[in-house]
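What follows is a set of structures to go through.
Common to both upcoming complexes is chain A, partnered first by chain B, then by chain C.
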Partner chain A sequence: MTDAGITADGPPAPTAPGGPGVVQRYGMVAVFLAPAIVVLGVWIVYPTVYTIVRSLFGASGWDDFVGVHNYRTLFSDSNLRTAIKNNAIWVAVIPALVTSIGLVFAVLIERIRWSVAFRLAVFMPMAISLFAAGVIWRIQYQQDPSLGAINAAVASVKNAVSPPGVLSTASPSTKALSGSPQKDGLQLRSPVRKGSVALLGVTAINITEIPKTSKQAVKPQPDPSGITGVVWRDFKPGGGKPGVLEHGEAGLPGVTVELRDSSGHSVATAKTGDDGDFVFPSVASGSYHVAIGASTFAKPYGGVGWLTSKLITPAIMIAYLWVWAGFAMVVIAAGLAAIPRDVLEAARTDGGSEWQVFRRVTVPLLAPVLSVVFITMIINVLKVFDVVLAVAPESVQPDANVIALAMWRTSFGGVNDFGLGSAIAVLLFVLVVPVLLLNVRRFRREV
Partner chain B sequence: MSLRHRTLACVLAAGAVSLAAGCGGSSGGSSSGGAGGSTSSVSGSVSFVGIWSGPEQKSFQTVIDAFNKQYPKVHVKYTSAGNNITTVLSTAVQGGNPPDLADIAQPGFVTQLQQKGALKPIEFARSAIQQNFGTGGTQLGEINGKLYGLLFKASNKSTVWYNVAAFKNAGVTPPTTWPDFLNDAKTLKASGTPAYSIGGSEGWTLTDLFENIYLRQAGPDKYDQLSKHEIKWTDPSVIAALKTMAQVIGDTSNIYGGTSGALQTDFATSVNNVLVPSGKTAKAAMVIEGDFVPGTATTGAKPVTDYNVFAFPSIDNSPPVTEVSGDEIVMFKDSPASEAFIKFLATPQAAEAWASRGGFGTLNKKVPLSTYSDPISRKVAQTLATSKVSRFDLSDLQPAAFGATVGQGEFKIFQDFLKNPSNVNGIAQELESSAAAAYK
Partner chain C sequence: MTAAAEIATEAPTMPAEPHDSVAARIGRAVAKAPLQIFLILVALLWLVPTFGLFITSIMPTSLVSQEGWWKFFSHPSIATFSNYRALYDNSTITSSLRTTAEIAIGGTVLPILIAALAGYAFAWLEFPGRDILFVVVIGLLVVPVQMALIPIFSIYDHLGLFDTVLGLVLFHTAFGLPFAIFLLRNFFVGIPRDILESARIDGASEMRIFIRLILPLGLPAIASLAIFQFLWTWNDLIVALTLARNTQPITVAIFSQMREFGTNVDIIAPASFISLVVPLIVFFAFQRYFVQGLLAGSVK
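After this line comes the complex of A and B, so read on.
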């Protein structure tokens, strides 16, 4: 409509209405509009209509009209419900978070030195495709600290504070030992007294975990005034005889052995030698228990399971945030630069604190820019797909599922149900439309 | 021998030409008939969409080159669709423009296409396939008694790969029976190396384990019934097999990384945990998967000295059986050129062209074992070609919604089983309701 008005005002106005000038004019309009109409028609309108119609048919094709059945499945299938629920969480969390982080960064970089470097660092992830970013985070999130960077960072701190034990794990070779290695250590069931020899055999120790100084385990001589014993790897190729100290079985040096009284308190500790032997000299009479202390089995930090079903959605969101925070920061910083400085100065002169200036002047002035970022993010988040596919391992993808991923899986992931897939696409379309309308209205207002 | 095949192929191709002339050849196949000498004058072009990419695509190209020596006037245009093959083919069929030929790894998807009426039967190649692959190999390509597929490339999925050093440190030898297998696993654990490396982040590794157990414990007949959903997944035989499977996946302290670690481990990692070069410590002693395991390893481990293989152990004295998976050649549009190419793929020469390059197995009994380059692939190929009883991967035979889709059906339910191996009855019920929905 407005276009027509503009052309009518154009300088070379035709002399006679309805003459050849009109044809020329509309012909011109048609020539200019044609490419856009063709592109819109072929790639937007036709697929949209096709998808809507296809969603009313079943998996096998056009001969299988099912009406709204696909839409019913949409809300009854537990996989798809999870996808819808996850998408709701995404919309609730991410746009607000990205906008506020972008705002904080934008305000802060105005005040720091090296702001260009900081800006560059935050904006850099935008240069990477979202899928590649997902792959990067998938690797960083690995649970094993020797593979995942995040858990490796935590592990280096954690292992410095509480160093891992000599043996990361072990299990009793026979029923003679009881307890759990990490909690209370492994304790010999039968009590010992002065002159006893305690045999503590353990297995499930990898050959590479045997300390270098280790020698053939030797059963020590009894000490009439004390308690002696040996801690050894009760295993040789083929298994050996459990509980029996055999040739070829290694002593375990550096193990902390505790002597516990009848109430379970540790009264003395000893370290084992190279052949696994230990001694508690001059022990008072009475009965005791001998145990390998839990500190021996202190596990090296095992890492947080970022990629497990519980943490997967927050983990993906962090990756997403990493990419989009830079975008929000740059857009908001541009808006910030456009704010008239004198208004801020006036507010400060009037005695407003920094927080008050931020809250009552900066943010209201930035509102249009913030809403652009916010709405853009809502649209982006509704369509979120690639980062979920890249970060979540297959086994947790059902837990991390989102609408766009469900659409792709249903249509192309093996089921090849284009009917249900189309219905999911239509749902996604319906969800995006209100946000789009909002955006269009805002554009109009700005024009 | 080979000459006879060639002449036979030429005669058949010439016959096919005169037949095809009547049905309005689709991709410009034209021929003046009568082949002279060792080359055929069948001409035309064949579009072929397949899953093979990278080195496999190169190997297949050598097969095409061998074909072109006999059929110089046929142009085979191979396009790789990789793992998106089902997407590409479904979309192409939906759009009414499928390729002439395709290779598909899921027999269930082949059935789906056949039911849509998208496939042409390949009965013209029956005698050649029967002669080279035997009855068992031919039947694998049949749907309701009609021949629709040629299992060109097959994998032996009944293999267990182990780390030689880990077995030596534990003093165990490859087991042949299930109790020996569990016993070895126990000894491996005591030696400090977890017995199992499980790539549970990919559901198909778990279905393969179940299928190997079920095929032995319940027998091939029950296996066939279950694969057609003629018996329910709550059948006592399924419950028993799930319980046997729980002896492995329920032995959590004997799995590298425990249950949660296994669920995050993809197949390639599960292989690299076991197939390590000498001087490095294996993270686990065994990985239970098919003959493509060495091809997946990226660690540089050497066969025989670093890793080796044994057949999936017998359960309750079950006779030797092999679970196979493979790539089936199917035909969407027939033309003399397409038919000639399919017939060529059924010959031992076609198989040899690829087998000599490695990474290839076939049920074609006429391929000499000397074609295989290393002793391990020779061993695996031999069991495949001579196996009397072979069955397709059961999950591949299912409707895709149940047997071949990430995040649902068998893949997801077996991952749930790995999470909670004591829930045997619950898992059987979930499998049954998911299967029932997919078969509706």
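After this line comes the complex of A and C, so read on.
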């Protein structure tokens, strides 16, 4: 203690092998590293070992050793097989699609002045949760075209091509009319000829479908050289008498009436007026049938069932694509910006077309970036969970099942089989590891 | 790669051609028109769904289940904030928003603090086995959260951490650490050795160097990490769904409102919109750092 210089410089314990201040120095390392080591040990390392061991035991706990039985169940249980199959589809479709869309966007935005705005728009979904993104799409996917935006868009195209009929719900008021409305329309049983007046009474019409221009139905005068008639709503408040045109019953305008010859071919058509009347002027003599055409009864478009078992996985994938395309675009655009301009210019000057330059120069130079995006997307897709839970209604979830969702449902969704749940988690782990190791190798190269 | 990475960076402009005639310029603009129109449509496609959610959220409750949001524009006067008002009075939603904020802030600060300490040790302290340990830590990136849910669920049950903010924060901390340590260690390594050496010669302790030098110099990396971690924890569903029941963040609260048929869109739409406003603000305010972090290693 007398020699201050020794205590300052010299080792406190001469036996310590590492030279001066070993305990202090390693103590310092421990202070810096201990929190991380403890947290990683307790929350990641220990649980990983636990889950692997737990997967060898049954649902009831540690006294129920089942060996690899849970792993057999993975591939025999139909729910889990659907999950694995769906996840395989996800891996086959999404990484390639996201990478290509990102590449296309990245290349195209180099040619516009407002690329910043475009990037922000497409990248924006990356900031919000996959769950909220799922909710957004779930609302747009509603089947009723008056509620779901996507079906509304589909319906507006579809209805423009084949418009819905004036009377989509109507049925005959008496036996005088027969036929199946949507298929071949409603035809008057008794034949007509020149000078006849045809009465076509229909009922069960949705009140909203009656055109506003509709007036009191009028029985038209016979036309000696043609055929006249009326299409009317054979119903009035209180009922009315079926088959009889009464006061208070409305004519149905805009209905297509067909005149059919004896073999059933339509020889003429007419549209009804505001009071429901129609006329086929100057008809050749012979026997005819009058019918309301099938187009009058065409149902309005009912919408695509996006949220049904057949389409649910593609529907979820669209939502997922919407989220991740921005990621791919931004990363690939950064890679693109790093390509020396003169390389591309040289290729162009050498007479390469835009497509050739893209195919033979840009894409090969981007290969490392593209593979990073592709690999990252494989990992993401293997773990897909939130978006499935958000988009798929509960009754359709078995059809949309994926590994991560099956793991959660098995372990916490009522079944509470921790053994099988652990086995599913291990499966996920085993699938993710090799893919991620590719990325980690890239890390180490960067280190 | 990183330098050119920000979204807001202008794409490299084509070399100017000063001898252009007006006709040539118009010709080029016309040739580009299909591309422009295509990209405008794409951009709209990306914006419309979120916009639709917002419009849905300001429609009167009675109309939401009867007509789609686009019909709003034929009578915009129906816009109402009554759905938001109702949420404000809905204690489940308000408390879930508070919980979300607590989880996100805790789940951002704690892992960054721990990772900065470890990152410094891996970058600038000498000890045997350092590089192997570092690789092991990065290797933990391969572990999906699903591997930890079951054991942590059991542990939390015993420790009383189930259904607590702290429990969720610690879980997010652990799974944020490997990436955070990787990112910060690599950033810290780039700090010039001279600065540290001279501080050490001046007699500064390692802790002092860490607080006074490393943290301020590491701010850019810490910032991009913070945004990542914040968004990740704010947007989490699976961890909170598993490890909490009443202490639920907004995603779980919305999830528990989901029904087979969207009859309560009047709650789901505004709640979802609120839940995504915060991340959007963070994203637009700090998108520069966000993209930098993304490019530094997008593996989570």
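Following the convention adopted for this analysis, the second predicted complex is superposed on the first by the 308 of 447 C-alpha atoms of A that agree within 3 Å, B and C clash if a C-alpha of one lies under 4 Å from a C-alpha of the other, contacts with A are read in each partner's own complex, and residues count from 1 in each chain.
In this text, contacts are C-beta pairs under 8 Å (C-beta built on N, C-alpha and C of every residue); 3 or more make two chains touch, one makes a residue touch a chain.
The structure displayed is predicted, hence computed values, not measured ones.
*Asks:* Using the touch definition from the top, say if A:83 reaches chain B (first), chain C (second), both or neither.
*Replies:* Once the two structures are laid over each other on A, A:83 reaches no partner at all.
*Asks:* Could you tell me if A:357 is touching chain B, chain C, both of them or neither one (first, second, both, neither)?
*Replies:* Neither chain B nor chain C is touched by A:357.
*Asks:* Based on the superposed arrangement, let me know which partner A:173 touches: chain B (first), chain C (second), both, or neither?
*Replies:* A:173: touches chain B, not chain C.
*Asks:* A:412 contacts which: chain B (first), chain C (second), both, neither?
*Replies:* both
*Asks:* Please indicate which partner A:107 is in contact with in the superposed arrangement: first for chain B, second for chain C, both, or neither.
*Replies:* neither
*Asks:* Check the residue A:33 against both partner chains and state whether it touches chain B (first), chain C (second), both, or neither.
*Replies:* second
*Asks:* Taking the superposition on A as described, I'd like to know which of chain B and chain C A:328 touches: first, second, both or neither.
*Replies:* A:328 contacts neither chain B nor chain C.
*Asks:* Considering only touches as defined above, state whether A:394 meets chain B (first), chain C (second), both or neither.
*Replies:* both
*Asks:* Counting residues of chain A touched by each partner, does chain B or chain C come out ahead?
*Replies:* For chain A, the partner with the higher number of touched residues is C.
*Asks:* Both chain B and chain C touch chain A; at which residues?
*Replies:* In chain A, positions 142, 393-395, 411-412, 418 sit in both the chain B and chain C interfaces.
*Asks:* Name, in rising order, each residue of chain A that touches chain C in their complex.
*Replies:* 25-26, 28-29, 31-33, 35-37, 39-40, 42-48, 50-51, 54, 105, 108-112, 115-132, 135-140, 142, 146-149, 152, 322, 325-327, 330-331, 333-335, 337-338, 341, 372, 376, 379, 383, 385-386, 389-390, 393-395, 404, 407-408, 411-412, 418, 421-422, 424-426, 428-429, 432-433, 436-437, 439-440, 443-444, 446-447
*Asks:* Quick one: which bits of chain A touch chain B in the complex? Just the residue numbers, please.
*Replies:* 60-61, 79, 142-144, 171, 173, 203-209, 235-239, 305, 307-308, 393-398, 401, 409, 411-418
*Asks:* Give the list of chain C residues in touch with chain A in this complex.
*Replies:* 1-2, 4-5, 7-12, 32, 35-36, 38-39, 42-43, 46-50, 52-53, 56, 65-71, 113-115, 117-118, 120-121, 125-127, 134-135, 137-144, 146-153, 155, 170-171, 173-175, 177-178, 181-182, 186, 206-207, 210, 231, 234-238, 241-242, 251, 254-255, 258, 260-262, 265, 268-269, 272, 275-276, 279-280, 282-284, 287, 290-291, 294-295, 297-299
*Asks:* If we count contacts the way the header does, which residues on chain B are in touch with chain A in the complex?
*Replies:* Its residues touching chain A are 84, 86-87, 90-91, 94, 106, 112, 115-116, 168-172, 187, 189-193, 200-203, 253, 257, 260-261, 263-264, 266, 281, 400-401, 404-408, 411-412, 415.
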